[in-house]
Every structure is written in structure tokens, then in C-alpha cells.
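Below is one structure, written out as C-alpha cells, with a few remarks after it.
To keep things simple, chains are lettered A, B, C and D as they appear, and every chain counts its residues starting from 1.
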Amino acid sequence: MKKRNLFSSLLDWVWESRSDLYENMTIRDDDEEVNVITKAEHKEDIEKVKEKVFDAADRGSFRKWRFLYKILAVVFAVFFSAVLLITVGQLPKIGEINNPANNEVEKRYIEKGLEETGATNIVAGMILDYRAFDTLGESHVLFVAAIAVTILLRLDKSERDPEDTKITETITEAEEEDKIFEPHHDAILQKVAMLLVPIIILFGIYVILNGHLSPGGGFSGGAIIGAGLILYLNAFGFENTERFFNEKVYKTVIFSGLAFYALAKCYAFFCGANGLDSHISKGIPGHILSAGLILPLDIAVGCVVACTMYAFYAMFRKGGL
Amino acid sequence: MNTNLLNNYAEAVSMIIFAIGFTNLLLHKNLIKKIIGLNIMDTAVYLFLALKGYIKGHVAPIIIDGVVEPEAYINPIPSGLVLTGIVVSVSVTALMLSLTIRLYKRYHTLDLDEISLRLKKEGL
Amino acid sequence: MRDFVQNFPLFSIILCLVSSSASSLLKGKAAKWVNTVLICVVGAMSLTLTFYCLAHGSFTYTMGHVPAPWGNEVRGGVLEGAMGTFFCLIMLLSMTGGRKKLLEEVEDTKQNLYYILVNLMLCSLIALVYTNDLFTAYVFVEINTISACGLIMIRQNGRTIEAAVRYMIMSLLGSGLFLVGICLLYDITGHLLMSNIKESVQALVESGQYGEPLLIAIAFMMMGLAIKSALFPFHAWLPDAYGYSTISSAAILSSLVSKGYIFLLIKIIYRVIGFEVVRESLLLNVTFVFAGLGIIFGSISAMREDDIRRMVSFSSVAQIGYIYLGISLGTQVGMVAAVFQILSHAATKSMLFISAIGLTDASNTSRKFKDLTGSAYRNKIAGMGFAAGALSMVGIPLFSGFISKLLFMQAAVANYGKMLPTMIVLAISTILNAIYFMKTVVRIYSPERDLYKGREGFKVIHTREQIEYTCTVILFIALNVALGLCSEPILELIGKGLEMFA
Amino acid sequence: MDTMFTLYQFNDRLALSYKIDRISIIFLTAAVILFACAGVYSCYYMKGKEHMKRYWIFFVGVLCIISLMACSANFFTFYVNYELMTLVSSPLVMHEQTKEARLAGFKYLIYSFFGAYFVLFGFYVLNKYCVDLTFTEGGRLDMTLVSGHEGIVLLAVFFMVIGFGVKAGMWPLHSWLTTAHPIAVSPASAVLSGVIVKAGVIGVIRAIFYLVGADFVKGTWVQYTWLILILLTILMGSTLAYFEKELKKRLAYSTISQVAYILFGLAMFNTTAYEGALMQFLAHAFAKCALFMIAGVFIILTGSKNVESLRGIGKKYPVLLWMFTICSLSMVGIPPTGGFLAKWYLIVGSLDTGRPNFDWAGPVFLLISALLTAGYLFTIVMRGFFPGEDYVDDGREKVKLPLTVYIPIGVLMLLCVLVGIIPNLFMGGGM
């Protein structure tokens, strides 16, 4: 690949005349329907298909159309942003205290928030107590995304016929492929990881536990812990992580976290809506063990998010935990 | 037309970014660039929301030594919305990326048009 | 202490969530049973709710100990309950109808994942139906989108994955627009709760300030939902997604997902913006044009298909156009017609998909018309189902399609400005519908060619081999005829519900 | 006989309800007699054909639905039964299930649905402007509502006329008729042109005389456009029939023109012409049904659909050809058959309507088309009896026809004559 200066590569990026991503990726093939082909073959194959689909006569017009397309795209973007700018021009000024957005709702959140939720972090109190329904949905968005990714990427042996050759070949091939990324007793990486991973995970736990007192909370903390796990995986490989983290653990954690979240919130909503007293003490504001349900919910969300992040990585890498 | 575009320049910027991301997601052919466009779009929306919450001279809504006057803190609602939105965009991005992986493994290209051509050829 | 029935929305949503996360631990069979029981229970709850609301009127239910506008809120009404019940019914029938294909087309280790997706889909539909808070609506719209994408690509081949990508791209654009619309609305009204937004919107309209932002916000929200529900210019993903996914998914997607968004749109029009405001703004004319184009385009491209499932998919482009047509007539009658069309189309289209799969099964799983010749003799019950669905689509009396045709006529006659275009569009699409559906029916009932006699795959499927399927199709036909005959109470119900909205 | 029987109540305006009045009686009489005869006849014609079960099911089904339609008491009921009739009668057209048969049936369905849509539009406009949809002499229009919206109501009426005209084979949407009739099996085409085509006529009568009211339409652009269409149809039908070589197709074209006579009588909006129309209705029903049956027999006997092959048929089957002759007399309108009386009334009625240009145009067109009719029917008869010198007998020996042929055709032939002699028997003494 010839060296190009920054500007020209930027230009290429914009005009897509050639895409780095596309050029540099190794072409690997994993199923029978599309036979193994080199890049050149693939190119001319595409050309053939194009001939087939748009007849050869108007290839030139086809190219023209591609060019026109780009122009139109820019025009569209300009027009769209113009519309938005006109809108913004009519919006209330930023930062004014008497904007419509700053109304009784946020006053109450700030004034009563502490005593009603017991959380000094008003945002945490808001998303986990006042508007907890949204957050419940949000955590399930993550869940359903994880499920969809699993459907797409998980390779597993069929139970109907365990010696289904195609799928087993695919799995072994994927693992072979994965060996490329496996560490080969990379001393530096492993030592640094041994140093860093505990710190990262500890920090994540700290962020989770202080979600109701300081910036942070379940999601961010969980993401940090996930990052720690991924670093560990990269340093020590699957056979080490599988000892303490396999699919079963993953499923159990996800289920228990989400189910606990849903049921606890259901209880809270039920009591609140029917005017019953949910015997959940608010505790002393500012202490770790305070703010009623917020702390346990944070922990649950944290576990779920950590596992999901790790699972995403593992799926992307070799199609399975 | 009395516009306070100059006061809202930050919002204007966020909206322009939104338009760029939207166009990328809609009209780009390369799947990865589409996903980048998606993230640009979402980020622009979060910027917009954060600006909505901001009030001059107020600090982040974390109660320090028990001061609970609304005059002290900014509006917490948009921050909450941003948190929720981030999670959503993370999940969606993961899903899109995995779809892209599958398509690339099957068709060795990231160009959506090429993929459609391949499909037409397969006549599946 | 409120009536226990009022807790049902909360319970059904939580039940869906818990059962979906529980299904991740179960095997496919158990997950199937969980899913079936769940759908039945939720449907029963919604039915009870409907009757409760008929007796006591609508109610709002605060999610948490603080009242609205500080906490979230769900709202129960007649229309919500009825919609919930109907969605559950259709979903149950679609699942049972497509069970056999599901076992074939989905890897057995991923069966339970499919049921998880279905549970979450049900959850999001129910939440969209009941919610009274715009941001909650946004979150559950996202759940709906992702699980719909999963339903599309659960049967994994190139087409479905490409369709899923296209679907995701369009839906993400829609969500982005929807989100920006919500933000603008929040900025100028300072609320996220539907009823409060409506109050302040009325105030704004009277004071006349923030004109453009309001208009743009409404436009963005409508456009976002229109994109998600595949209104005409944005339908590129639809035929592949419906045509190649596994059949239960196709039925659910075509009959429930888009309808959920449209119901949300109707709810926004009534409870967030206010019907008058929307009518004043000229947006309805825009949707009117697109709906008309969509009807004609969908019918034409359905006519040009030679693949039965793609034909049915294109016809649902046309049907969605009908719904938007009813909405954009801008009259109460039109809205009633649109809601009834939602019901009728959901019932008919899922029946068509389910029976189409029966026909293709009897023809060596080929979907081309030339192979389908005489398939109605090979699989009698599927032929019956398809014929009934086609007649309903064409609008033969005693089927549900006839009633919705009548309602559209009524609405069009009531609105002088848009009467003639509506009439012309309806005429064209009626004749086109007749052409391509009757063509198919004649084809599947004409005697089969000799060269197909006794070829493998072209075998007669007896009823005793497919008890579940047969029951499903019969129930579908019964549902259609019921919608066609007992339309009056349903229409009253819809009218009541819409009044409760306002 | 004003007792109404309500079967099912959709809502306060739409109900399935039935009652008997003059039109119902006339239509029922025709329908029942024709179906009886066709049924007997099909015992001969359909012998040895397959799918007989299906054939009989749909045959009887069409009869049931048509009788329901004849007795319907309001427009909604009529419409519902009308659509169902289209649907149920299509298998009779497609019975052979050859490619042509399927295409013909398909065309029939499409045309009918198209017409039905127009009817539906008119139906909804009228539903808005009528007191209610019950059929009553002189119409149910609510004039207080109508005032100011005459335009739309007239448009609706026009659409209804067009829509029903599709079924009645009115120009320009007639072409399904000439496709479907020759393809269908002969008993089916007999009842098609005898009854089902007439359903469109009944629809026009119901819509205009019993729902809108003749006075509302009289003298408006609707009437004139309608008349022009009808006159075109009459001329076109008989001309094409004259030049048509295929027997059943020729009969189909003549059906077009003859049914147009009925519509012409209705469009004149006076009593004489109205009665004439009703009489033409009966006369044509009987005659044309018989003609189609005879045509079916001829086709079986000669083995060819063409007119040329009928030379000398009278030498072998004189009885059959005599029956053919008498029915053709009625078609042309020669005493003492019903056709004569009908056309007499039509012409008289059209002469004493004060419509400029139409009072003379009507009779002229009728006479021209009568001549043409004579041309295309009597040539067959003459060629049949007097094949001429160069005629050589094809080798077919004379087969003995069973009574199931002679009886139904004979009955119908007698009826054509009876309509001419004692019309009050059929017309319910309306004159």
C-alpha cells in the first residue's frame, strides 16, 4: 500500500474513491455458498454482476449517477441543517433561568429530591426513582441487543445432530482464527495486565457503589469492569477466563440482575401507585448504605452491563464465550 | 425575523453535527461509515440535551453540604435523558456492528449496494 | 388504595420483562410454553381492563410514589385495552401458525432466544399502547426496533441479514428524528408527560410563540414514526424483511410492529399535540400525498411480483397507505376508519402470510406462482385461508375488508376537500387489489399441471398432519368474519376510546 | 305485501332485510323458470363431464343468492347479494378450467369488481342523502339534505348507472360479456345472459326508481349521457353480432344490444317505456336462454362453434331449428311473440317523451338494430333449412336427442309466445 499524505487520504475517505477498511481487511471465507476468492477475482466478479444488473450500455451514466449522488447528498445535508438552524434560531436562549424547561418539575427534583430518594446525586435519584420506568426499559434495551448479537454471532453445535460437520468446521476454524489474537506468553502485556486489571475492576466497583453519592452509577461502573475483564481476556486468553466466566455464569448473572431489577421496581411502583408504604428505609443521606433501592439497583445494573460488555467482545472475537 | 441564533450557537453546532450524522447514516454506502454516522448523530443529540439542561452559573446537581435551592444546580432532567440515550446507542451500535460482521464474512465487502448486487446474482 | 384492575398495565409489562429474561435460561420447549402462557395472560389482563374502562372510564397510573409530572405514568383506556387484547390475540395466532417452520428454520439452540425476542416485542407493544410519557415511548420504541430486527434475521441467510441492516438503518433514522422531536418539544414546553405537554402546547398555540419549533417538532415526530412504519418512500426494507424471514416473524412484523408505531402516532396526535393543532398545520396534506402514492405504488409492485410472499408484503405497503390516508383525512370518521383498518389489516395480513406458507409447503417450498398451481388442492385448509384473506382484501361483504372499505368511503364523502383524490386512489387500488389477489386465488385453485404430479415435495398435506395449523387458520377466518359482521360494537368501542383520548 | 323480514342488523342504517314487491316477483319468475330449464338441460349437456358436484353446488348457490337479491328490501342487502352473486357465478364460467376459461372468469371478476366499486361510491353518497335505504316507489331522497349538493348526488347516480351497466353489458365496459359467454358451458351461459346480466338491470331499476326517484334524474345531464351510451351500445351490439362468425359469440353480442333495449326503456322515464322495458326483460330472458341452449346442442352435434357449420342443420333436426326460429322471431320483435309487444311499448313510450332529439333517435336506432337482428339470426335459419345446391352432407348420422333437450327449450319457447299473448299473467297487471 503506497504512502499517501494526510490530506489525500482524507479526501479519499470523504469521496470514498478507495476505502482503507476495505483494502486492508483479509478476505476470509466461512461458508460454502460463496467460494473462496481473492480480492481481484472478487473485484471482477462484482464488475460482472454490475454488467448483469445494469446493462453494459449505461455504465457511464451509472458512474455519473454515483457522482451526482454525492453532490445531492451534500445538498441534502446543507438543506437539512438549514432547516434545523432556523428552528434553533427560534428556540429559547441557553442558560436562562426562566426557560420553559426550568419549571416546577426540576425545582421539585432539586428541592425534594434528597428527602424523597435519599440520593445526594440528584440525577441518579431521578433516573432510578422518579423516572425509573425509563431506566428499566433502557436496561432491557441492552439485554435485547445482547440477545440479538448472540443470535447473529454465536456458533454452537446443533443438538439435533451433534456431528453436523459444517458447523463444527466453522467453529474450529473460528478458533484457529482466534489463535492469531491469543497472547503468546507476551510478558509485558501480562505483567501490565496483572498490575492494571485489579485496579480497573476495583475502580469500577467504587463507581457502582457510589452511584447515588457522586457521578457514576451502574452503567458507567459496569462498563469499566467490562473493560477490565476484556483486558484480562486479551492478556491471558480464553482458557483462563473460562475458568471463572463461562456462558452459564453469564446467563445466571444477566437473569438474576434483570429479574431483581424488574421485580424490585414492580414492588416499588405497586406500593407507590396504591399509596402503600414500601418499607424501604432511605437511610442517612451521604452514606454508602442509603437511598433505598438505588444502591442495589445500581449493583444489579452494574453486573449486567459488565457481563454484557464482556460478552459483546467475546462474541465479536470468536463467536462464543 | 428575530433570531437568537448567536446566543444558541452551541445548539446550532450540535444541530449541524446532527444533520451531518443523519446524512451519513442515510446516504453513505459503506456500512462502517454508516455506523459512524449513527454515532455522530446520537452524540449531537446528547450535546443538544446537555445544553438544554445548562443554566448560567449553576453547578452539577450533586448536593453538597445540604444546599437544596433550585438556584444552586442545573436542570437534572436532560442529564438523565442523556444517560438513557447513551445506553440505547451503545446497544444499537453493537447490533449494527455484528450485522456488518456477518455481511462482511459472507460477501467480503462493506458496500451495501454491492451486497444487493450479490443478492440479485444469487437470486436467493 | 385504587382498584386492583388498574395495576394490570404494570403487571403485564413487568411479567413480559421477567419472563423474557427468564427464558434465557430455559430450553426451547419450555420457552415456548412460557411464551404462550405469557401471551394468554397479558391478553386476559387487557380484556379485563377494557371492560373495566368501559364501566369506569379511563384512568392514569403513576409509576412510583410521586405523582405526575414528576414520575412516569401509564394510562389505561378503552382503546388501549382493546388494542392490547387484539395484539395478544394476533400474536398468539401467528406464533401457533408458524411453529412448524420455526422448528425447521431456526437452529435448535437458538429457539429460546427467538421466544425472548417475541416476549420483549410483546412487552414493547403493550408499553407503547399504555404509556403516557413520551420518553418512555422512545425507550420502548427502541426495544421494539431491536427485537424486530432480531425477528427478521433469526432465519439466517443473506437476504434476511441484508434486510435487517436496511431495516435497522431506516429505523435508526426514524428514532433519531423522533428523539430530536421530543427534545425540541421538551425545550419549548418543559414537559415529557403527554397530558402536560398538551396543556402547554395549547398555551403556546394561543400565545403564538415558538411557532416554527413546534411545527418542526411535530413534523419530526410524525416523520420518524412514518419511517418506522414503512410509509411509502421509506419502505425499501419491507419486502425482503417480510418476504424472507421465518413466517411467524413475517406475520408479527406485518400485522403488529408497524401498527404499534401507527397507534403511537395516533396517540401523539390526540394526546400530545391535539387534533386541531395537527389539522391546522398542513402536515396532514403531506402524509395524504405520500399515503396515496404508497397505495398505488404498493399495489402496482405487488401486481408485478411472481413470488407469493413478496406480493403479500407489497400489498401491506398499500394497506399502510390506507391507514395513513384515514389519518390524514383529518376527520373523526377518518380516524375511526384508520383504527378499524389497523385491526382488519392485522387480522387479514397475518392470515395471508400463515396460509401462504401452507401453500408453499405443499409445493416443495417454492414460492413462485408457476409452482403454486393447484396447491390449494394439496393443502386444503391453507387454500381456504388464503382465499378468505384475498376476499377480505378485495372487500367482499361479510369480511372485515368490506367494512373498512365502507368506512373509508364514509370518511371521504364527509371531507369535501379530499373526496375526489381519495375516491380515485381507492378506485385504482381496489381494482389492482382485485387483479392480483383474484389472480392468485384462481391460480391456486386451478388444476395442477401434469409435470408436477407426484414430484417430490408436491405432496398432499392432510389435515391430521397439521392440527395446530388448521386450528390457527380456522380461528383467523373466524376472526375476519367476526370483524366483518359484528363491526358495530367494535366501531362504538373505537369511538369511545378516541373520545377518551381527547 | 309490505311485510319486511330482517335477517341481520349491522347498525341502524345497514341491515340485511327482505321483502317482496313487483320487481322481485318479475325477476324471481324469470330466474326460477330459467334455472329450472337450464337445470334440466344440463342433465343432457353436462353428461360425462367431470367435477359435476362442484358444478351443481355453484349452480344452486347462484340460484339461492339471486332469489335473495330479488327479494332484498334495501340497497345494502342488494349490494351484498350482488357482490356474492358475482363471486359464486364465476366458477360456472371457469368450469372447464382451461387457460381460456380461467382468463375469461378472471376478466369477468375484475370487471364486476370494478363496477361494484362504482356502485359502492354511489351507495355511500346516497346513504348520506337518503332518509334510509329501503326501496320505495318514487325514491327516498331527503330533499332538505340534497339542496345545494345536487351535483354530487347526480354524480353518484351516474356512477351507479355505470357500475350496474358493467354487469348489464353497457358500452364501454361490456367486453367481459363477449369473453365469458362463449367460454362458459352452455347452461351456464344461458343463465348468465338470461339472469345474471339482468341483475345489472335490476340494480339500475332499484337505484333509480326505488332509491333516488325518477323525477330527480329526469332531464339532467345524467339522463342524456346515459341515453347516448345506450344508443351506442344498441348499435354496436347488433352490428358486431351481424359480423360475428362464432355462434355463441354472436348471441352474446345480441345480448348486449337487447339488454340495452331494456336500459333504453328505463332511461326514458315514462310509464309506457317502463312497462315495455319490463316486458323486454322477460321476453329476452326466455328467448336468449333458449337460444343459448340450442346453440349448445348445435355445437355438440356439429362439433364446431362456427356459424358456417350450421348449413343444412334443419334437414336433420327440424324441430330444433323451428324452436330456434320462433325464439329469433321474439328477438327481432315479430308478432305474436313477446318481443314485438315489448318493442312496441318501447317505441311508443320513447315517442311521447318530450325529449328533443331522443324521441326520434330512439325508434330509429331500435328499428335499425331490429333489422340487424333479423339479419344475423334469420341467416342461420335460412342456411339451416335451405342450404343451397352446393351443400354436401357431412358424414355425421342423425342422433336421437333425449327429452331433456326438447322439454326445457320447448317450455321457454312457449313462454316467449305467451308473454306476447297474455302479458298480464307476467306483468302483475301493472298496465
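Everything below uses one rule, namely that a contact is a pair of C-beta atoms (placed from the backbone, for glycine too) under 8 Å apart; a residue touches a chain by one contact, two chains touch by 3 or more.
Predicted model, so just to flag it, every value in this text is computed and none were measured.
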Problem set entry | Closest chain to the centre of mass proxy, which here is the mean CA position | C
Exercise. Does A-B or B-C have more contacting C-beta pairs?
Worked result: A-B
For this session: Give, as an integer number of Å, the spacing between the C-alpha centres of chain D and chain A.
Result: 72
Problem set entry | chain A and chain B: spacing of chain centres that average the CA atoms, whole Å | 13
Problem set entry | Distance between the centres, which are taken as Cα means, of chain C and chain A, whole angstrom | 29
Problem set entry | Interface hub residues of chain C, defined as touching at least two other chains | 135, 139, 142, 146, 149, 153, 156, 158, 161, 186-187
For this session: Pull out every residue in chain B that's touching 2 or more other chains.
Result: 18, 22, 26, 52, 77-78, 84, 88, 91-92, 95, 99, 102, 106-107, 118, 122
For this session: Among the residues of chain A, pick out those that touch two or more other chains and give their numbers.
Result: 33, 84, 86-87, 90-91, 101-102, 105, 109, 131, 134, 138, 141, 144-145, 148, 152
Problem set entry | Chains grouped in pairs wherever the two touch, ordered by label | A-B, A-C, B-C, C-D
For this session: Spell out the residues on chain B that touch chain C in their complex, using ranges where they run on.
Result: 18, 21-22, 25-26, 31, 34, 38, 41-42, 45, 48-49, 52, 77-78, 81, 84-85, 88, 91-92, 95-96, 99-100, 102-103, 106-107, 112, 115-116, 118-119, 122, 124
Exercise. Considering the complex alone, what residue numbers of chain C touch chain B?
Worked result: 135, 139, 142, 146, 149, 153, 156-159, 161-162, 164-166, 168-169, 172-173, 176, 179-180, 183, 186-187, 192, 244
Exercise. So in the complex, which bits of chain A are touching chain C?
Worked result: 33, 83-84, 86-87, 90-92, 99-105, 108-109, 116, 129-134, 136-138, 140-141, 143-145, 147-148, 150-152, 154, 156-160, 251-252, 254-255, 258-259, 262-263, 265-266, 268-276, 278
Exercise. Which bits of chain B are touching chain A when the two form their complex?
Worked result: 1, 3-5, 7-8, 10-12, 15-16, 18-20, 22-23, 26-30, 32-33, 51-56, 60-63, 66, 68-73, 75-80, 83-84, 86-88, 90-92, 94-95, 97-99, 101-102, 104-111, 114, 117-118, 120-122
For this session: Quick one: which bits of chain C touch chain A in the complex? Just the residue numbers, please.
Result: 1-2, 6-7, 10-11, 14, 17-18, 20-22, 24-25, 61-66, 69-72, 107-110, 113-114, 116-117, 120, 123, 127, 133, 135-136, 139-140, 142-143, 146-147, 149-150, 153-154, 156, 158, 161, 184, 186-191, 200, 210-213, 216
